[in-house]
Each structure stands twice: as structure tokens, then as C-alpha cells.
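Step one of this worksheet: look at the structure below.
To keep things simple, chains are lettered A, B, C and D as they appear, and every chain counts its residues starting from 1.
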Amino acid sequence: MTTTFAATMASIAEKFKSAVLADSDGVADACIRVEREELLGLATELAAKGFDQLEMVTAVDYRDRIGLIYRLVSATLSASLVVRCDLPAEQPRVVSLAGIWPAADSQEREVLDLFGVAFDGHPCPKRIFLPDDFCGHPLRKDFESPTLIRRPDLI
Amino acid sequence: MRSYLFGVLWGFAAAILIALTALFGVWWERKVAGRMQMRFGPQQAGPAGVLQTLADTVKLVVKEDITPNLADVPVFKLMPYLVFVPSASAFAVIPFANGWAPFNTEASALFFLAVPGMGALGMLLAGWASHNTYGSLGGVRAAAQLVSYELPRTLSVLSLVVLAGTTSAVGIRGAWQWWWIVVLAPAFAVYFISSIAEVNRGPFDLPEAESELVAGYFVDYSGIRWAIFMMVEYSGIVAASLFGAATFLGGGLGIPGPLGVLLFVAFTVAFTTMMIWVKWSFPRLRPDQLMSFAWKVLTPVALVQLLVAGVVSAL
Amino acid sequence: MASLGKTDSASDSALGYSTLESGVGNVILTSADALLGWSRGQSLWAFPMGTACCAMELIAASFSKFDFDRLGVFPRQGPRHTDVMIVAGTITEKMKPVVIRLYEQMAEPKWVIAMGNCAISGGIFYYDTYSVVRGVDQFLPVDVYIAGCPPRPESLQDGIVQLRNLVRAESVSPGVRYRRRTEIPLRTAPAPTTPAPAEPASAAPASAPSKDPA
Amino acid sequence: MPDQEFNQELVVNVGPQHPSTHGVGRILLNLDGDIVRKAELIIGHLHRGIEKMAENRTYLQVVPLTDRLDYVGSMYANWAYCRAVEKAAAIDVPERAEYLRVIVCEMQRIASHMMSVGSSGADSGAFTVFVYAFDLRERIVELFEQLCGARLTYSYVRPGGVAFDAPDGWADAVLAEMRKLPTGLEELDKLLFGNVIARGRLKGVGIMSTEQAIAWGATGPVARGSGVALDIRRQDAYSVYPRIGFDVVVGDNGDAYDRARCRLLECFESVRIIEQAITQMPEGPILTDGIPRLIAPPKGDAYARIESARGTLGVYTVSDGGAKPYRVHFRSPAFCNVSLISRLAPSHVLSDLGVILGSLDPVFGEVDR
């Protein structure tokens, strides 16, 4: 990790107490695990520190909790960073980062559509792929649908 | 009485002539466009696909012609004929032979330019009556385009009238001189470009823009009514080429006898092919570019040409 | 010259269609059927209902290397001006009402070609999907199925030739049956029980629909 | 207020089935006369749930699914997925396979750009440009057919290498084709961008500044058209790209003309890359041996991204140690680029809508997944 990048990481770590700094986990050069409440503060801090590109917003359903993944890339620091935030599985609700990075707008709608995570403050919080009257969120592990035919395990 | 009978006879002859020009025009366009795009045109309906348009027309005649239920039905049904009749009547005044035209009236050149302008009203109402957003957008564009391109077209033929001294097309063809080609070259260019726009083709096919308005003002027409719109377009091309060849080039450069007729037909086919060639090689103009091109480029050129013609004729 | 006028041309009998049943129809009717059949077959204007990968092959089929235009197939965009709707690609639940509405907007003698496995049966997206309609024939009467993922432009054009034989074998008056018009009943309608004449042999790549409902 | 409901805006539905929406996107336009006031993009008509399907397939069975994602360029969809799996399962790739992957993906980039440049010509009305661009694309698709038998959905790149070795004479055929291609590309350049009406239609339409491009998440030629020098081949320097000399094409004023022109100039760069890669390609195996039929990467995440014809194509896989991926997510560049239409379209004329959408080059298989 370049020195400036390490310096920014250190300054962020002590600024946000609940942020747990871990080194690379296969997704980006560094990883920050943060609580739901501190996400907005951390995001504005990172945007100020030179992370101007939000590349990917996605989620993973770990059955007991839903993990949100934001992958940020900084051209000035030439480094990438992944911010992870865990949400309860029942009513996942988090603040929307579309205000800081407009790129998050459509990707957050996709997470809303497929995972059911509600984003507060999103410009138009509607489903993006599925019709509005679709019940359930497909990418949840406990998603059942009459039209879904499971592929037989031939192996 | 005799002229009445002659009128009816000529009506049938014109209908057949227009149908033939449309048949030839559609087949010729698909073959030329095909060859321009490194492919063959229709091949399998008759030798070299000559019967392709016949197959298309017979199919369209027996196809169901749908009237949308929200459409303004009487207007919807009338519009193909309101668009067809003016452009068909333009055939009546074209000087086919030296000194002869089916209807040799005094101001036949102006008749040829003015009457097809009525088609703009038909297109506007066709788009509006089909109660379809694309249709009405196409109709409004057709009205704006046809009206604004009539001015340069009329001015370009006017410089011809100034030189010939008469406004009758037959007179113009009779008074044709060879040096007119040199003097009236810009006028012919303006005439050719604005007649492409008059027929909604080539870079000016905004009313029926395929990639924007799906099919423009005739989007909701099907079957025989749509075929009439297609016949209007293709007979319009041939009519503009016929008139251009007859007046600007004196119908075969004024050579009497079969050679002149042969040249006349050759010029007409050449102009038709040029219109097809222009359509398939240029993208479409934007509405504001279309208008500024008509008013800021074509009209001034036609006016200057008129001045030159006036000076020359005064010499 | 195409087989204008001859109704029992080689390709018709090759497909096993029952030619004119004895004692029905006369010179006027057969020549009218022949002319209409020939003209409709020669000028099948295609409505490219392209949604996914098969749309790329549909575009390639109408361009310089494979050239649809030779067969008289002219892709037009408006549903009103076209005869055959070529459904190319996966149809999802959200797209289904759009396809139905466009099919209903097409002017009457109209046909449907289901191009590609996704249009035939959902193809690779048959298992584990919640939003794919498994086959267009669930809501459209399909005339020709073209297998392949995506089918080559050549097999698409062979499908067009098969459809042309179907079209040429149809008759103007409902009384005359050159060929049993195979209405595939939608899943809800009970299967018609009238006896079927010779089973139309399915030609190799593009199979004309068999009589018995799915 | 009487005049309030008088100047009601005309709502036009540029529906899922439309000649210039490049697939099944739907745009709800609020038109004031011919001027677009608001453009709302409605997608999802081709949403097949590929990410849900991938969770019930083994790692190798997901490869054919990635073909149907970006069906105009399925080579680099395969490659991105295979890089993620190789990163997760720590599989290394033989030298020759890396070169074959670079050659095949650069050819796919040319074919995909031909589709995009051709259709941006067709959107502005020049249909012949589309046919000429497709003719160049057909030459490349023919070479793909000789290599892996398929015209569009190849499943050629596999975790740990590639599926088939180049048949003998194939490399020379590609070299011969790459020598002829630049003349075809120059001809297309003159045919479309040399044309004064096409320049008039494409220039100054859908302008996006550099900051907007970065903030809105645009990548690939859409971002490079606005001056963002973001090219993952240069930034990550993955595979054998460090050994190959090429430069990144960057436009300056970020309109539809620059985006389309960047795509065409990138094809010249790809031709250079292919020629260098073929000359440097060593002999040797094309698939690492010892890869189990059921790849089971250790528990954990992996993310790999490559430069596809539309931009940064990233694949994020989560594995729970089993034979099937726990979660696969495709960071789709077309999805991020096409959602710019609602920001670029307002205050343009209706005719420009098709041109702007064409310059964003969406492929709805990848947008809707």
C-alpha cells in the first residue's frame, strides 16, 4: 500500500471508532468494515480524501445478515478500497450514498429490487428490473417462487 | 364533350402509369440499395426479382387494413386519397413529348409545383387522425418540411420561367437552349434537393423517420392504405425526375425523334437513381438543421440564381 | 419463375401436406389461391421482435453476407406493415404483455416464427429463473420453430422457406383445406379431436409444427 | 391555474420494441414540442436472473451463462468470470492461453465496436454504414467460428485456460485479416465521420464533462470520450498486456461524436495489439492440468475486472467452499452507462435521443442480467 494511501487509511481509522481496518481480502487493496450508522460519515470522508469513483455496489445474503459491499477506486491515490456494512436480515435499511456518488443511484435500486434493502434518501426508490407487483426479492436465499423450477443436481 | 371523354381516358392512363412507376420505383430502389450495401436485392420473385413489387402489392391489397378504434375514422380513411390525388395530378402537366402535355394549360409549370403541396395537409391529418404520438409527430414534421421546401423549389423553376418567357411547361421545353445547362446549374441543384425533401426521402425523411418515429405519419396505416402512401412516394420521385429532365434538360437535350425520347427516359432513370443513391448514403437531418438548410442555404441560392437568370434574359 | 399456379409443387408434397382434397374448389379458386399464396409467400415482411442474442443473428441475416432481401423478406419496424413476427430472444414476464400487444396490432394474415431455444422453450434459461416465459407458444400461435442458440442465419432463412411453403398451401376460402391449418390451442383450450390427415414430416433444422398439441 | 394544464407535456413512450433502443430498453419521454424535458429509463425487460441461476450451477457451468450476458462480446464476459474464479481458487494460467485470451478478446472488441459504430450510424439514419460495419464484424465472427465453432456464444475461455487451441493456419488467417482490416476501418471512418450530415448530427449532442463522467460512474469509451483516461488494461496491467504496446484513445469534448470516434480509433489499437500478441505467442499447453472437474475455491471473496468494449466489467464471487458459487455479481458497464440517458437526454431534440442512446452503446443482456 502506498504511503499516502496508508496515511489516509490511518487517519480514517482513528476518526471513525467503529471502523475496523483489514487489509486486502481479494476484493480491493484495503477493506473497511463499518457500522450502518457511520456509513454516511465515512462515505463523505472518503469522497473528500480522493475516492471519486464508486465502481460497484452490491449485497450478499448471508442468511442471518445482509452484507453490503461498496467498492471505491481513487485515481489520485491509484488504489481501491472496499467498504463493508452488515444489515439485519429482516428489515434491512441503510442511508443512500446517491447524494455523494451519483453512480450509486441505479446500483442501489438494483440492490433494493433483488435484496429488499431500503435506501433512505434515494432519489427514486423503485424496483429497477422486476415489475412493481412482483412479490419477494429473488436473490434472497429464502426466495420461493411458483415459476422457479430448480435444476436437478446431476453431478 | 371530347375533352371530358379525353379526361376520363387520361385518368385511367395516369392511374396505370403511376402504378407502373411505383412498381418500377420500389423494385429499382431495393436493387440499387442492395447493390450499394454489397448484397443482391430481391432475386427469387421472377427473373432478377422483377415481380417482387407485384408480389408486395398483391399481398398488400388483400391484407387487412386496420382502423384504430380511437382514430378519427372518416378522416383516417380519407387521408390516403387526399395525399394521393395531388401528387398524381402532377403527372398531368409534365411535357412528355415536344410540344405535347396531357393538360397543356398556360401556368402548368406552377401547377406542377403548387398542387403536390396539398399533400402536406393530407400527411398532417393522416398523422393526427391515427391518434398515435408517433403519427402526430410525423404529421407535424411533414407539414413544416413540405411548406418550407416549396419556396426554394418554386424559385428555382421560376428562374427557368424567366429565361423561357412562359410559365407553361410545354413552352419551357420548347424554348430550351443548350446554354441553359450552364446558367441554370445551381437552379437545377436547388430544384433536385428540394424535390427530394418534397417527397420525404433521403436526408430529409424526417416525417417517416424509421429510427425515431418508427414509421412517421403512416405508422397506423396497413394494407392497401399504406400501399397508397408508398405509391405516392415513389410516383413523386419519378414525377420530380420527369419534370426535371423535361424542363431543365429540354427533354433529351431538344433532340427530336426516338433518340430524344431515349435520352429523356435515361435522364429520368438517372435522376431517380440519384435520389435513391442520396437516400442510402446520407444520415438524416435534425429538424432544426432541416429548416435552417431550407431557409438559409437553398432560398438564397435560388434568389441569386433568379437574379442571374433575369440579367441573362435581359441581354 | 417461381412455382406460380402449381399448387402441389414438389416442396409441398415433400412436406406431406394433403394437396387439394378431391372434388372441392375449381379453376377460379385454385388460381386465386395460387396467386395469393405466391404473393404472400414471396413478400413476407418481417417484424424483428429481437430481444437478446438471436436479434444479432436476425440483423446479420438481413445484411450483406446472408441477405434476407433475396427471399423478399424486408424487415420493417411498424407492426402494422408486417406479416411475420420473428420472436428472436428470451421473452420475460415483463416483456410478455408487450409481445402480445404487438402481435394483436399486426394486420391479419400474420404468422409467427419462434427463433432460438429461448423463444421455443426458454432454452438455457429454463431452470432456476423466476422471470422467463418458457416458450413463446404459451401465448402466441407459432408457425415455425427454429432451433439453435443462436440459430445460424442460414437456418433462419430455411425457416422462412418453410413458412413460405405453409403460406402457399393456405386457401382463401375456409372450406378448402390444402393443409390442415394447425391451430395450436393455448394451454387452456381443450385439444380439437377432428382426425388429422398424414402427419407432416418435420423437415430437418426447422420443424413445421406437428399436429398434436404439446 | 388555466394555463397550467394547457401546456401539458406530450408523454411519448419510446417502447421496449423500437428501432433505436438497441434492444429492450424503454424510455418514457416528456416532450415539450420536440424538446425532451424528462427522460425516464425503464429496464428489466430482459432480466433473466442470471445471478440467481449461477447460484445453482457449478463454477464451470456458469461460463455458458456469461455468454448470454453481453451477447455482442461474450469473449470478455467469459474472461472476466474466469479471472475471478482463478483468483478465488488460485489457479494459474499457461502463457499460451493468456496470449490466446488477449487475441480473442481484442478481436471481440473490434467486432463489438463495429456493432456500436454501425448502429450509431443507423440511429442517425445512415443505414448503409450499419451494413458496412457489420461486414467487418462478419469477417471476425468467421475467424471465431473457425476457432471455437460458434458465431456468437463461444464459451471459449475456461477457468485455467482456454477451450481449444488455435487450429493450424488460424493465426496466419488472423494476421492476414488484421492487415486488411485497417483499410475497412478507414473506409468506415470516411463513410460515417467524414459525412458532413453525420458530423452535424453527432457533434455537440449529449455532452458530458470529465467530472460528470467520473461521478456518474461511466466507464469505457463513454468515459474516455469525455477525457477520462480510464483503461483497465493500462491501470491493472493484467494478463500479458504489460508486454504489448498500445495507447489509450481519449476524446476531449465528451459528445456523441467523440464517443463513437473513440470506439473506431480503439479498433486500430486493437489491430496493433493482436499483431503483437500473435507474434509473441509461445507454444505450449492451453489449459493448466490438474484442475478438478468440480472447482471448489476456499471460503472467501474474489473480485476481478477487465476492460470490456463497454467499460469496466467486474465479477465478484463469494464462495462457501462448495462446488457451487454462493454469490456471483457482475459489475456491468452497460448498466452504469445506459442509466446516464436520463441525465444526458433533457433539453435535446427527440431525434437526438436515438443518437445519445446509441453513443452509450447499451447491450440489454448485460444491462438487465
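Details
The rule is simple: a contact is a pair of C-beta atoms (placed from the backbone, for glycine too) under 8 Å apart; a residue touches a chain by one contact, two chains touch by 3 or more.
Predicted model, so just to flag it, every value in this text is computed and none were measured.
Should one ask which of B-D and A-C has more C-beta pairs in contact, the pair is B-D. Put simply, the C-alpha centre of subunit B and that of subunit D have 43 angstrom between them. Note on chain placement: the centre of subunit A and the centre of subunit C lie 48 Å apart, centres being C-alpha means. For the pair subunit A and subunit D, the distance between C-alpha centroids works out to 24 Å.
Subunit C and subunit D, compared by their mean Cα positions, are separated by 33 Å.
In subunit B, the residues that reach two or more other chains under the touch definition are 37-39, 210, 214. Along subunit A, residues 130-131, 138, 143, 150-151 each make contact with two or more other chains. For subunit D, the set of residues touching two or more other chains reads 18-19, 44, 47, 49, 52, 56-57, 131, 135. Pairs of chains in mutual contact: A-C, A-D, B-C, B-D, C-D. In the complex of the two chains, the subunit A residues touching subunit C come out as 130-131, 138, 143, 145, 147-151. Interface of subunit A with subunit D (complex): residues 25-28, 52-56, 58, 60-61, 69, 71, 75, 78, 82, 101-107, 110, 114, 127-131, 138-139, 143, 150-151, 155.
Those residues of subunit D whose C-beta lies close enough to touch subunit B in the complex are 10-13, 18-20, 34, 121-129, 131-132, 135, 191, 195, 197-198, 200-201, 349-354. Those residues of subunit B whose C-beta lies close enough to touch subunit C in the complex are 30, 34, 37-47, 49, 51-52, 54-59, 62-66, 210, 214-215, 219-223, 226.
Interface residues of subunit D, counted against subunit C in their complex, comprise 15-19, 23-24, 44-49, 52-53, 55-57, 64-65, 67-68, 71-72, 115, 130-131, 134-135, 138, 141, 151-153, 364-365.
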